[in-house]
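Have a look at the structure below, then the notes.
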Amino acid sequence: MEVRVANVRKEFDRFPALHDVSLDIRSGELIALLGPSGSGKTTLLRLIAGLERPTRGKIFFGEDDASLKSIQQRNVGFVFQHYALFRHMTVADNIGFGLKVRPGATRPPAEEIRRRASELLDLVQLSGLEKRYPAQLSGGQRQRVALARAMAIEPAVLLLDEPFGALDAQVRRDLRRWLRDIHDTTGHTTVFVTHDQEEALELADRVVVMSQGRIEQVGTADEVYDTPNSPFVYGFIGDSSSLPARVEDGQVWLAERPIGLSAPDVPAGPATLFFRPHDVELLDGCGGCIAGTVVNSRRVAETRRVELEVGGDRQRVEIELPIDHAAANKSRIAFRPRKWKLFPRAD
Amino acid sequence: MADPHIETYDPEHEATSAAITESRPARAVLMAIAFVFLALFLVLPLVIVFSQAFAKGAATYLTSLSDGDTLSAIKLTLIVAAISVPLNLVFGVAAAWAIAKFEFKGKAFLTTLVDLPFSVSPVISGLVYVLLFGAQSVLGPWLKAHGIEILFAVPGIVLATVFVTFPFVARELIPLMQEQGTGDEEAALSLGASGWQAFWYVTLPNIKWGLLYGVLLCNARAMGEFGAVSVVSGHIRGQTNTMPLHVEILYNEYNAVGAFAVASLLAGLALVTLVLKTVLEMRYGAEIAATRGH
Amino acid sequence: MSNATTRTGWRFRQPSVIPGFGLTLGFSLAYLTLIILIPLSGLAWRSAALGWADFWRIALDRRTLHALEISFGTALIAAAVNVVFGTVVAWVLVRYRFPGRRIVDAMVDLPFALPTAVAGIALTTLYAPNGWLGKPPMALGIKVAYSPLGIVMALIFIGLPFVVRTVQPIIEEIDKEVEEAAATLGASRFQTITRVLAPGLLPAVVTGFALSFARGVGEYGSVIFIAGNLPNVSEIAPLLIVIRLEEYNYAAATAIAAVMLALSFLMLFVINLLQSWSRKRYG
């Protein structure tokens, strides 16, 4: 099922949580809504589910205007952040609930519901736990039951709110791979919310990066990482360093010196220079480069991270060096980013 | 349902921690004060009810209970409770649903209003209905002309009882349902359940013990209410006498055994209520939630 | 529902997918209005109909003033007694282990569960001049039942659970680390209790006092048997309302009730203030 979010605005008590958001989700796609807290990602998910109503704009499921449908009619599988398992029902009853509450004509017989529940339990690798109550399950197991329950109604769209948020790191990694497998098997159109970029980049076909109630960028993991289209995305996805710079005569200037980067297509004026700390070349002399004094150095896995103070106004940037580089405090290092991007800045 | 690994507050350990407990003599004195006080004020009154009821033997006890007026008082008490408790149950659930599941203007004020009857003297709770339906009232002559009896009849007793027991179920459910939030209902709705189905299959099982707890307290008060009912009842023996009113009549007639015999039934009801209440608190404490006590 | 756009600006309630708001709120308001608000406003209306001068003439009648004085005075003394003993009971119940603790704990609620008329005749029999507890003081010339002292006894019984049940959860919540910290800083046990714990308990104790007091002022059933009901000496205000009603003196009954109600609501207001103050201050 395709989902189209068209110019949706959502206000809570007149406070805007989403400004004019549009998004096309293709059928069978696995999409991540990624952003810091307060970015509006959960609000967008709840709007798609029908748990909230948009202040303005519409949401389409295929050709149908979902705004006209109640939450029951939308047929979405929603996995709640804290699972919202019915604690007085067994695992099997939880999974079968959505089928059991159907009106008489479309309700499968009890035997069929039981069969579906145990099939789904197989799918989520929890066979044999039918009779358990939610309180008797581990966090990861509850997560899977919640997913099975959402899938039992054969949803048009599967929506997951911070699906791994309440789990510890090891379980998270396992479940992440497992969710990808399930998605590949069942082919549900799936949208999940996360604030963990690693999770989003690893799992999703496309990532929707959100900030302050707006969509900043939509793209594959490669696209949002390699060609971020806004300072926010550059800063939010992956490690980045930035410096206030200036463009003059098609050259990038730092303070009063050009640094050997040409930017012919960028209009002249103040800008911010972004680059990845690991994507720099070290230089010996400094004709056109960035040079700074080491103020801090630490070992991170197979690299060494150093913090440099650059220029007269002592801007701090981070770069990565090979481990054997003898970067000591106070020593001077000159470098130039290999890949970088400029965003015009209003001064 | 209950996770065996989750222990509730276990003060055993703390109470024995040397740094934070009183010296032995101090503990003995405090405990002695508490026990003597409770014995004088709680245990002795209970003991005297039963000792007076059986003062002239079991046979006299049974005779006084099988008196016709006593039996009709028992019957009336049961009828009144059977009407007023379900009414307040429905109100309690409806009010808790509106207050706990939604955000709206004036919610805090409404919550305060629900508790209002607790701060009204029982006598005044009865008086307001006398003023509303009595012969001197605006409605009085009209009711009389149409042959509708409210005061000094069962409807008046029910109304007064409903008034004094009004908050019990609601005040039990409101904090409980607020704590539970709307997540479970949203999940049920998203799975295709209708509003009634969500209430029936999801909300009701979540609140059932709290509901039972509220009903228990509501019933105890409904059967035992004296002041409010006394004002509206008219004390007609065999007709508008509830058990507590009958206790008063027998006592004022110097029929101590009779009065204490009926009183012993009410005391028995109180004890059963306390036992059930304690059992509910022990087994389902978390599902009854924060509002222990009154 | 047919319109995807909802109105912005002031709204009575936050939109929600949960159904049933109109039904449940409508029913609750209708029921509340019929059962509570209309009857209570009837009382207000009838007092207003008396006129200012008549109202105060009746309300400030000597017998009425004495009845109010007795109701409020005895309730005050009983609440004070309950604060002392109720706090000790709560402390013992939370902090000490002893056989039968559960039963004792459950018994504290007896006054909530026991019908007031039963409590009334039981206490009267106990404290009567020839009763188990009435005889010893009688030998010293102190009459308990059929005197204001009897009223105090009944109100202690009625009000006890209010203090215990308000203070008990606060004692349970005391973080033991706070006490241990006080101990490591050199405080004696007595100092820890009076300087560290007591200030934290104070709001709960005051609330319990106010609840016990409010309940005592309006109490009727348990008091009328033991009071002796001598006008101006041991006649409580609720009883005077009943007496005026039986004399068909509706004006007087209404006026006394209105004064009592106003005072009760004032107390309710103070209790709410106390609770929100302590919530703000102590979380």
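Annotations
As written, the chains take the letters A, B and C, and residue 1 is the first residue of each chain.
By our rule, a residue touches a chain if its C-beta (ideal position, glycine included) is under 8 Å from a C-beta of that chain, and two chains touch if they have at least 3 such contacts.
Owing to the predicted nature of the structure, the values given are computational and were not obtained by experimental measurement.
Taken as a contact graph, the chains are fully connected, with every chain touching every other chain.
Chain pair with the most C-beta contact pairs: B-C. Between chain B and chain C, the centres computed from C-alpha atoms are 15 Å apart.
In terms of their C-alpha centroids, the spacing between chain A and chain C amounts to 55 Å. Separating the centre of chain A from that of chain B, both taken as means of CA atoms, is a distance of 53 Å.
Multi-chain contact residues of chain A (touching two or more other chains): 50-51, 71. Residues of chain C in contact with at least two other chains: 14, 17. For chain B, residues touching at least two other chains, in rising order: 186, 189, 194.
For chain B in complex with chain C, the touching residues are 9, 11-12, 14-15, 17, 19-23, 26-27, 30-31, 33-35, 37-38, 40-46, 48-49, 52, 87, 90-91, 93-95, 97-98, 101-105, 110, 112-114, 116-117, 119-124, 127-132, 134, 136-137, 159, 162-163, 166, 182, 185-186, 189, 194-195, 198-199, 217, 220, 223-227, 230-231, 243-245, 247-248, 251, 256, 259-260, 263, 266-267, 269-271, 273-275, 277-278, 282, 292-294. Note for the complex: chain A touches chain C at residues 11-14, 50-58, 65, 67-68, 70-71.
Residues of chain A touching chain B in their complex: 49-51, 71-72, 75-78, 80, 82, 84-89, 97-98, 100-102, 133, 135-136, 149-150, 152-153.
On the side of chain C, the complex with chain A involves touching residues 1-2, 4-6, 8-9, 14-15, 17. Contact residues of chain B toward chain A in the complex are 1-3, 183-184, 186-194, 197, 201-202, 205-206.
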